[in-house]
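Below is one structure; the comments refer to it alone.
Here the chain labels run A, B, C and D in written order, and each chain numbers its own residues starting at 1.
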Amino acid sequence: MKHIPFKGVIAYPITPFDKDGKVDLPLFRRLVERLVNSGSHGIAPLGSTGVLPYLSDPEKEAVTEATIQQVAGRVPTLVGVSNLTTDKTIYHARFAEKAGATAVMIIPMSYWKLTDQEIIEHYDAVASKISIPIMAYNNPATGGVDMSPALLKRLLEIPNVTMIKESTGDVQRMHYLRKELGEEVAFYNGSNPLALAAFAAGATGWCTAAPNLIPGLNMGLYNAILNNDLASARKVFYEQVDLLKFIVTKGLPRAIKAGLQLLGEDGGHLRGPLKPLNNDEILELEQILSTIKELDYQFS
Amino acid sequence: MKHIPFKGVIAYPITPFDKDGKVDLPLFRRLVERLVNSGSHGIAPLGSTGVLPYLSDPEKEAVTEATIQQVAGRVPTLVGVSNLTTDKTIYHARFAEKAGATAVMIIPMSYWKLTDQEIIEHYDAVASKISIPIMAYNNPATGGVDMSPALLKRLLEIPNVTMIKESTGDVQRMHYLRKELGEEVAFYNGSNPLALAAFAAGATGWCTAAPNLIPGLNMGLYNAILNNDLASARKVFYEQVDLLKFIVTKGLPRAIKAGLQLLGEDGGHLRGPLKPLNNDEILELEQILSTIKELDYQFS
Amino acid sequence: MKHIPFKGVIAYPITPFDKDGKVDLPLFRRLVERLVNSGSHGIAPLGSTGVLPYLSDPEKEAVTEATIQQVAGRVPTLVGVSNLTTDKTIYHARFAEKAGATAVMIIPMSYWKLTDQEIIEHYDAVASKISIPIMAYNNPATGGVDMSPALLKRLLEIPNVTMIKESTGDVQRMHYLRKELGEEVAFYNGSNPLALAAFAAGATGWCTAAPNLIPGLNMGLYNAILNNDLASARKVFYEQVDLLKFIVTKGLPRAIKAGLQLLGEDGGHLRGPLKPLNNDEILELEQILSTIKELDYQFS
Amino acid sequence: MKHIPFKGVIAYPITPFDKDGKVDLPLFRRLVERLVNSGSHGIAPLGSTGVLPYLSDPEKEAVTEATIQQVAGRVPTLVGVSNLTTDKTIYHARFAEKAGATAVMIIPMSYWKLTDQEIIEHYDAVASKISIPIMAYNNPATGGVDMSPALLKRLLEIPNVTMIKESTGDVQRMHYLRKELGEEVAFYNGSNPLALAAFAAGATGWCTAAPNLIPGLNMGLYNAILNNDLASARKVFYEQVDLLKFIVTKGLPRAIKAGLQLLGEDGGHLRGPLKPLNNDEILELEQILSTIKELDYQFS
């Protein structure tokens, strides 16, 4: 039986920097603590939200260790270990396992478009070097390669590749995965505006940075789905869809940082070339947040 | 208050031809009768399924009249009257109204890409000449123009444009329509593989040729939604999704004709350049149908 | 040996309407006369520029006859006879042949996406009914179907399909045609902004509505190519590229009509839903024309 | 006056690895020497061909120094210094300048899509820290961000951003650059199959890995252009277009390595996840090379 340690809402923290451009680990731990306290069902550091590709190796290691120490087993952890080269991916996957991660997430980052065979061998090579489960992640918009449903199916034949995260924004990909792989396959939605459609299609979980800002509405959607209450799920989805679209459109690290500050939290600094939202964008976010903040507290 | 005469499953008959290439009106009426008897909530002749653009004016008129006589008021009728020129669209819309159609469906067919202003004036001109409601239809894949959500919103300001049919296959368009226009707006899904996602998003109805082949499963999906039973809706959707994808991929007129013949019904002939499915395609359809036929009867 | 009656600049007249919405045949003949007098190497009525799909059968026939009478054999004529159904395409192709057209142009217009086999049988059926050459025309943006280079190669096996017009705007399609089909194949460029790149790639001709406005620059480009003078070709191309882009972006019938009026010619009326350019667009066109009008006269 | 040190054919060496996965510097120097001897007008290490993003910082530095030592001023050098973060890009640009590079090439690599403002500030920050010229490079297929012509124009306002390399494969981008920026602007083509169209459009140079395999044909094309001899340019282009398409389709590092081996040269090893071409691909390349090898020697 496949080992599938995640379901529900898997929350992605940002990686904040201090004013000198260094990772601000104390702030990072506070942000992780907020996510655990908000009821998130899993914590996923070093994702796109966590600007994984912009970090040095020692920074990635420090963030991994800080997450595991802070979460302290209260919920499972999913550590991003993707890298352009196979050797480096193995290196970080082994580090995450040794540090106590529940599972690792791997997107086949590409500069040169990879062939299917190159992708399979990449996952095979990493999987053979660790014992914890792997979530294979498809996101052509950031990773640069689009894995076909057939390729994702092939990856699931690797014993510890047990989960698929789909972020293409095409719900028909999820239909295919479910039809081809049966009800036991665990697929996760990584496209925030598809949260309702993906749960309707049978997604096991939702990988999202939104709980940094509106955890009550996020958990509320999942709970309505668990209760088989579509009318309520639709209602709570439409209450949050504007925020979900905003954070995706503006880029998750920039939008979450700005949202945290609007909520009175410290969001830290960004690492260049990423810049803060401009004033118009912040005003737009403020307006969206103000209309849903109270709704969020009702759910949390 | 807007006049919205449709909800649920709106069924699209094909337009069958005889061996001499003429519209086979007696067969057409039998096919319409099947759709009414199957429990469809509306009948929509002269859609894409009905190969509207391949018909002469007298053929369109005969099909319109045959539909209205055969349905005889048992369910509402939605007659396709789209045409490249504004004058011809007005001509057919007036004919449909006089013949007794409940409403007309209009897609802004384009050879030359139309500007938003040209589209608005096109709908305005037609709407001012008839009293029955208009369903505005967006389907860039067949019509050649993609109406933005903002343009669709603008069209709804025309008094008798009361319904929107969205066939882009992008569920986020439906989110936008619902958010921008409020819960009262009636939007219909015209993308078969999105049937579950669209109903989850709050679609009022589903415009589909599938009831020609599997009406029980189609109505079963709608009934599960009415019962707020997402688990059942998901189950019955996955039972039909392979057929829904097949008929869309192969072209509705060709696929429905072949499916009717596999079910022991007469599907008539196609008008060139359209050709029947080849043998491999028919075998694939036979296999899909054989696995879901029994399921379909349970629902019907 | 293949019969290839066209080379150089093949000019497309608009189809003007009078204020009552009827085709203005006297004006049409004057516009054709202008094109012949300007030095165009061929005249192609009933193209996209001539709003073929917006015309009734009698209108198409009147335009065909008017063209052939007016041109009176001074240059070859290429009559558009495309239609959604195969039977109607045959009808108009036979009419054109009987009326004295040099060749016909056929784009596989589609509402339902056609399979390659359907397209081949469509051309086969028409070709077997006429004796004059056929130019197969690929333009997914208006026709709705994109014929692959391999399919175009297959169409050239039909004896009287002797010419290919490519309007995808991708110069690599032309490289493929030239490499696959050898130097004898006649391919024509239908994408105005690619005029220089297509001639550089070896195109036999350029199908364009631009000679309605700037014939001197158009012929100047072709003459520079004939003289193997790339530096001059580049110079004269950059002098006209802004106009070429403008007329494509705004739609050829609308832009040519406006340009004729700016040049002091009568452009007639458009048929709805097409509307005239707005004032800003007319001003932009005026500015472009004013900077190149003199250049044009130097060449003509 | 802008400092523009490159014209003609700028050759991109691969970065070869030894069997233990380390950069094979002696082999790299031999490959650079081949390119200089073949008549290339510039040498560009650490491009996409040189798998820049797969290298560690010390490896990049070693490749930079090896290039400059080997070239020894015989032709100008263009060193790739792109990096996801601004700080690292500055670091490598300064290293290249100090090592003696003639210019640096920078593509705004993105994981998170960058805003125009973020891209401008990124280039500004780097440009202010070095004195040598910068070639701004647009290649959405590998870099993940598509810089609009308007943005490229804005970047050219930065004093030492003096050159643009365009690799979108759309020749109309080049028309725009030439029209907007005047004849003085130096734009370079990075899309191999567009080599003829780009030179016809006025490109100053061609950035290409092809001289690793067919330098004679590459220089032959440029020389025909210099001689204003379009007919010859077309002829020599069609002789090499199949190879140009092959190396782009298969990925430059993989295809060049295989081609070197077919020519009897050592191509070294690839770094995972990149894998060698499979046997069918190698046979296809062998066939292409065998038909053009002799032609190449005629030109060289």
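Annotations
Criterion: a residue touches a chain if its C-beta (ideal position, glycine included) is under 8 Å from a C-beta of that chain, and two chains touch if they have at least 3 such contacts.
Note that the structure is predicted; figures quoted are calculated from it, not measured.
Note: the chain lying farthest from chain B is D, by mean C-alpha position.
Distance from the chain A centre to the chain B centre is 38 Å, each centre being the mean of its Cα atoms. One simple way to say how far apart two chains are is to compare their mean CA positions; for chain A and chain D this gives 35 Å.
Between the Cα centres of chain A and chain C there is a gap of 52 Å.
For chain B, the set of residues touching two or more other chains is empty. Pairs of chains in mutual contact: A-B, A-D, B-C, C-D. The part of chain A that touches chain B in the complex is made up of residues 169, 171-172, 175, 178-179, 193-194, 196-197, 200-202, 225, 228-231, 233-234, 238, 241-242, 245. Contact residues of chain C toward chain B in the complex are 21, 48, 51-54, 84-87, 108, 111-115, 117-119, 121-122, 125, 141-142, 144, 251-254, 271-275, 278.
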